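Attaching a single structure in structure tokens format; questions to follow.
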Amino acid sequence: MPCQSNEELESILLEAKQYTREGKVADYIPALSKANPDDLSVAIYHPDGTCYSAGCIQEKITLQSISKVITLALALMESGEEYVFSKVGYEPTGDPFNSIVKLEMSNPSKPLNPMINAGALAVTHMIKGNSVEERFRKIIDFVKRLSGNEEISYSAEVAKSEFETSHLNRALCFFMKQHGIINEDVEELLDLYTKQCSIEVNCLDLARIGIVFALNGKEPITNKQLMPAHVARICKTFMVTCGMYNASGEFAVRVGIPAKSGVAGGILGAVPNRFGIGISGPALDDKGNSVAGLKLLEILASKYELSMF
Amino acid sequence: MPCQSNEELESILLEAKQYTREGKVADYIPALSKANPDDLSVAIYHPDGTCYSAGCIQEKITLQSISKVITLALALMESGEEYVFSKVGYEPTGDPFNSIVKLEMSNPSKPLNPMINAGALAVTHMIKGNSVEERFRKIIDFVKRLSGNEEISYSAEVAKSEFETSHLNRALCFFMKQHGIINEDVEELLDLYTKQCSIEVNCLDLARIGIVFALNGKEPITNKQLMPAHVARICKTFMVTCGMYNASGEFAVRVGIPAKSGVAGGILGAVPNRFGIGISGPALDDKGNSVAGLKLLEILASKYELSMF
Amino acid sequence: MPCQSNEELESILLEAKQYTREGKVADYIPALSKANPDDLSVAIYHPDGTCYSAGCIQEKITLQSISKVITLALALMESGEEYVFSKVGYEPTGDPFNSIVKLEMSNPSKPLNPMINAGALAVTHMIKGNSVEERFRKIIDFVKRLSGNEEISYSAEVAKSEFETSHLNRALCFFMKQHGIINEDVEELLDLYTKQCSIEVNCLDLARIGIVFALNGKEPITNKQLMPAHVARICKTFMVTCGMYNASGEFAVRVGIPAKSGVAGGILGAVPNRFGIGISGPALDDKGNSVAGLKLLEILASKYELSMF
Amino acid sequence: MPCQSNEELESILLEAKQYTREGKVADYIPALSKANPDDLSVAIYHPDGTCYSAGCIQEKITLQSISKVITLALALMESGEEYVFSKVGYEPTGDPFNSIVKLEMSNPSKPLNPMINAGALAVTHMIKGNSVEERFRKIIDFVKRLSGNEEISYSAEVAKSEFETSHLNRALCFFMKQHGIINEDVEELLDLYTKQCSIEVNCLDLARIGIVFALNGKEPITNKQLMPAHVARICKTFMVTCGMYNASGEFAVRVGIPAKSGVAGGILGAVPNRFGIGISGPALDDKGNSVAGLKLLEILASKYELSMF
């Protein structure tokens, strides 16, 4: 079993940590720019409940794009594959996460996949409920179940900061509204979406969520099936093909595990049938991925032969 | 062990075969348009050397785009990862295989990945040798070793037909020549490339090649390492992220195995550590993939839980 | 002097009118779809005040995109060339009027020209005032002065219908807001923009506005300079290079006069130093131009050698 | 009459000449990089045969893109409007002159207009003849007639240099060959095209050619109609909408005359019914236009009110 001691993980973390200075903290969302670029922490969660970790593990970050995998799972559970994929596509794209070009050119204007912003907004739009509050409660409750952590909450400050500045997401929403992909009030959808992005977790939470995907939906402690196996499988597929923005292809070659990153510096990893990985490291590379987090995963992948390929 | 009898495979083939009529044979290369759209055959090769098959298994098809995986392996072996990926990228794209748009927009004009035509041409350009003949011999000899079939040859007729009509590939080559991605004579490169595409195989050959990738480069009979494990792994990664043209994302969700298709109707599949799959079925869907071949893989995937995810 | 008799104009109108059946009325704005596709009317206004006309000349249509020229003139008068062109570009584009692709790709994300929707929205954004009402009064007052018609008003019904359905324009606005091209409340800007588009005129009004541009800003009756000559010249330049959506180039070859069309079927024409032309014909071709109106201008252009080139 | 003395023109030239240092000589064609960036000369040719000039007027430059207008005229005379515009479009584009993006996206893949490289290649393809030599003789003879200069020849050195390096043009040609826009041997077409681009003229020749367009095809001295009036008109239209690469819109606003530039630094101007202008100034701005030449035209335009608009 890999990472049998915290010491081993500590030493890998130390090696990766020197790369934090090559990245910088996201600044396009004002509230994110306050993060400490030097932070780095990692947790690895095994099917038997053992968990190893290193670094400032109590440091919380917001989920940001990592939440896209979670709402995708929820939407698939609520509305089924056929409906979900009538609104968003399956195909990866070499474009940046906020690109609007493909949205226009593809036909019938449906977002190429659920991991780009347009696709994620279309997925969040599917989450059912009578109000933003009810729908958000559904999402955060699901995160609580996945992480086994009842204390999970969201940062109202980050949500507000994002809500006020996400004009590009508004543009994507109105484009999709024009083309019939979404039909709710855009401000309500963005309210819900920015809240979902602002759910706070630490690397332990992320590792716990990761193990559920790794075990095809099964909670390792209680053995409860938190999502159907095929839903977990679909999510892991998108994590491989489009989980790391437009560096997904390179990540698949270099690391080769299902993973999803967020611009707050988090990475959720799921090594099929082996373990869940949670990383928090706010310094980002130019594609929007945690620069030291990627390095850490590369070291782990080569040391413990994690690649699925 | 799946497919323990030819009868079982026969019945799956029969079920898939009815979908042949939903596709049509490639007609943009004159020599390909003569194929029989009703043909369908499959072979599955196991690590212990057992092989099961069904359909018109002796029917030969040309490799076409399947050859892209093979030259990628060869180039990686000859020139190393660093060099190869200084000339072609890692990222999947939602565009059709012959798109020129991304080529222009990406920076520094390097093809997005080695599975689109531009990228594959750049890879073939890397194959070393003093003449087209010498370089082609190197490629076809590698195919012979991978398939364990010394009889493998190529169709001079198909090669000629493609050579004469591949103006779009010439456009891609000159675009790359302008941008310093390739620097040889374009007609020579196309001569080599169209020959590589015209190598003839049947589904048994494809299954034999598939098992080598599945076993990380190891020949199952002789136990010889035909390519380094990391080369096989890289190739399988691209087969997952971009192996089925711009239906790769959907294929990953529905089937979930490394696979590469060609417009002659072939599919090369490699189920990691389990088996190699070869399919031949010339009737294509609108993305350029064997329509009944895809169906057959979907049935196999669901029946024997092939998905890696 | 051309068109010396109404009879001559009537006969030209009759010839053009048979083309109405080749087009269809705009239906993407519900309120526009009620127009009569068979309507066609034309007026020609001379520098000496003589006016000839034919057809259902009292029939009112809304300005729609024709208003883009008028707000451009107003913005140039209020804020000057340098400021205006720091926010919108000069270059024509082969894309459809509502395209968002170029917006993203151009750098620094400024709309390519003031005649595409994005550019026109950026121009309307420049119109100064303390409220939408005040700014709109400024625009409609300018239309009244240009047309010499104090009775000009706007259709609250069309404005409301457009406001409720213009999600694409909202998308463009938020995209520009993200990139700092506009900074006001998007709903307010759209309120103003849809009102400006809904100003109602007939072909006589359009011909009167046209003569002012033709005479470099001078009102033919009062001899008052309603806009500086260089402003009129700039507007006429854009009418030539981008006045007829993505059929502007063909129109320049076939007709060769400054003209601006709108999706309600209006065309404003200005033959430099000769006369103003107003046309109303709601049946549109697939580019969004009045199909019979274009035909009518082609006949006039060939009969009276109108081309500037 | 403007520019009644060489002294006046000299002083305008002097004012413009200081801008030469803001540009740089084209270096993507090796043979062009030898030009002197400080050179600037201008000639103005009047309908009565008077000609004024200033600067190093005997300095020869190659036509480059200016030749596109001349072959367009020739093709229109040989094959007629209908045929020519079945192969190339009318619409300006905001893209750079060598862009391949629009070529792919437009339908049915026909070049957007005859002034971008793809369109100009398609036009040259139309020039009839039994050999490159015969077709080239036709083109150069036409240039001789237009300029009234029997001494005109071409630079074999520049032609060879361009032929050897124009891989991007080869890419465009093969793309068009694939789509049926051209069907001749690409190397032959490029041989002809690079020769046409390498025809050498000085600013006097350009001014003489310009007056022919300005007078709707009539030679001012002999009064011979060198091309039909409608052909001259069509050419002038494209000079306005797409004559100055992707700065055409700005040039139309700032100067407002039909003009065509080339990357050797030449500008051909035609002020309708007034005069022809020839400019030679090899230092280019970032769009590929003579930087001091543009300045010179701006001064002339404002001083003598040249704008057509």
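Things worth noting here:
All chains are identified by letter, namely A, B, C and D, in their written order; residue positions are counted from 1 within each chain.
The rule is simple: a residue touches a chain if its C-beta (ideal position, glycine included) is under 8 Å from a C-beta of that chain, and two chains touch if they have at least 3 such contacts.
Just so we're on the same page, UniProt names per chain: A, B, C, D = Glutaminase.
All figures in this text were calculated on a predicted structure; none of them were measured in a lab.
For the pair chain A and chain B, there is no chain touching both partners.
The chain pair from C-D, A-C or B-D that repeats the A-B interface, sharing more than half of its contact pairs by residue number, is C-D.
Comparing mean CA positions across the assembly, the chain most remote from chain B is C.
Centroids built from CA atoms put chain D at 32 Å from chain C.
Per-chain Cα centroids separate chain B from chain D by 48 Å.
Chain A and chain D have Cα centroids separated by 55 Å. Counting partners per residue, chain C has 105 as the residues that reach two or more other chains.
Chain contacts here close into one cycle, and each chain has exactly two touching partners.
Considering their complex, residues 89-94, 102, 106, 112-113, 233-234, 236-238, 240-242, 246-250, 252-253, 256, 258, 272, 307-309 of chain C touch chain D. Residues 99-101, 103-105, 167-168, 170-175, 177-178, 186 of chain D are the ones touching chain B in the complex.
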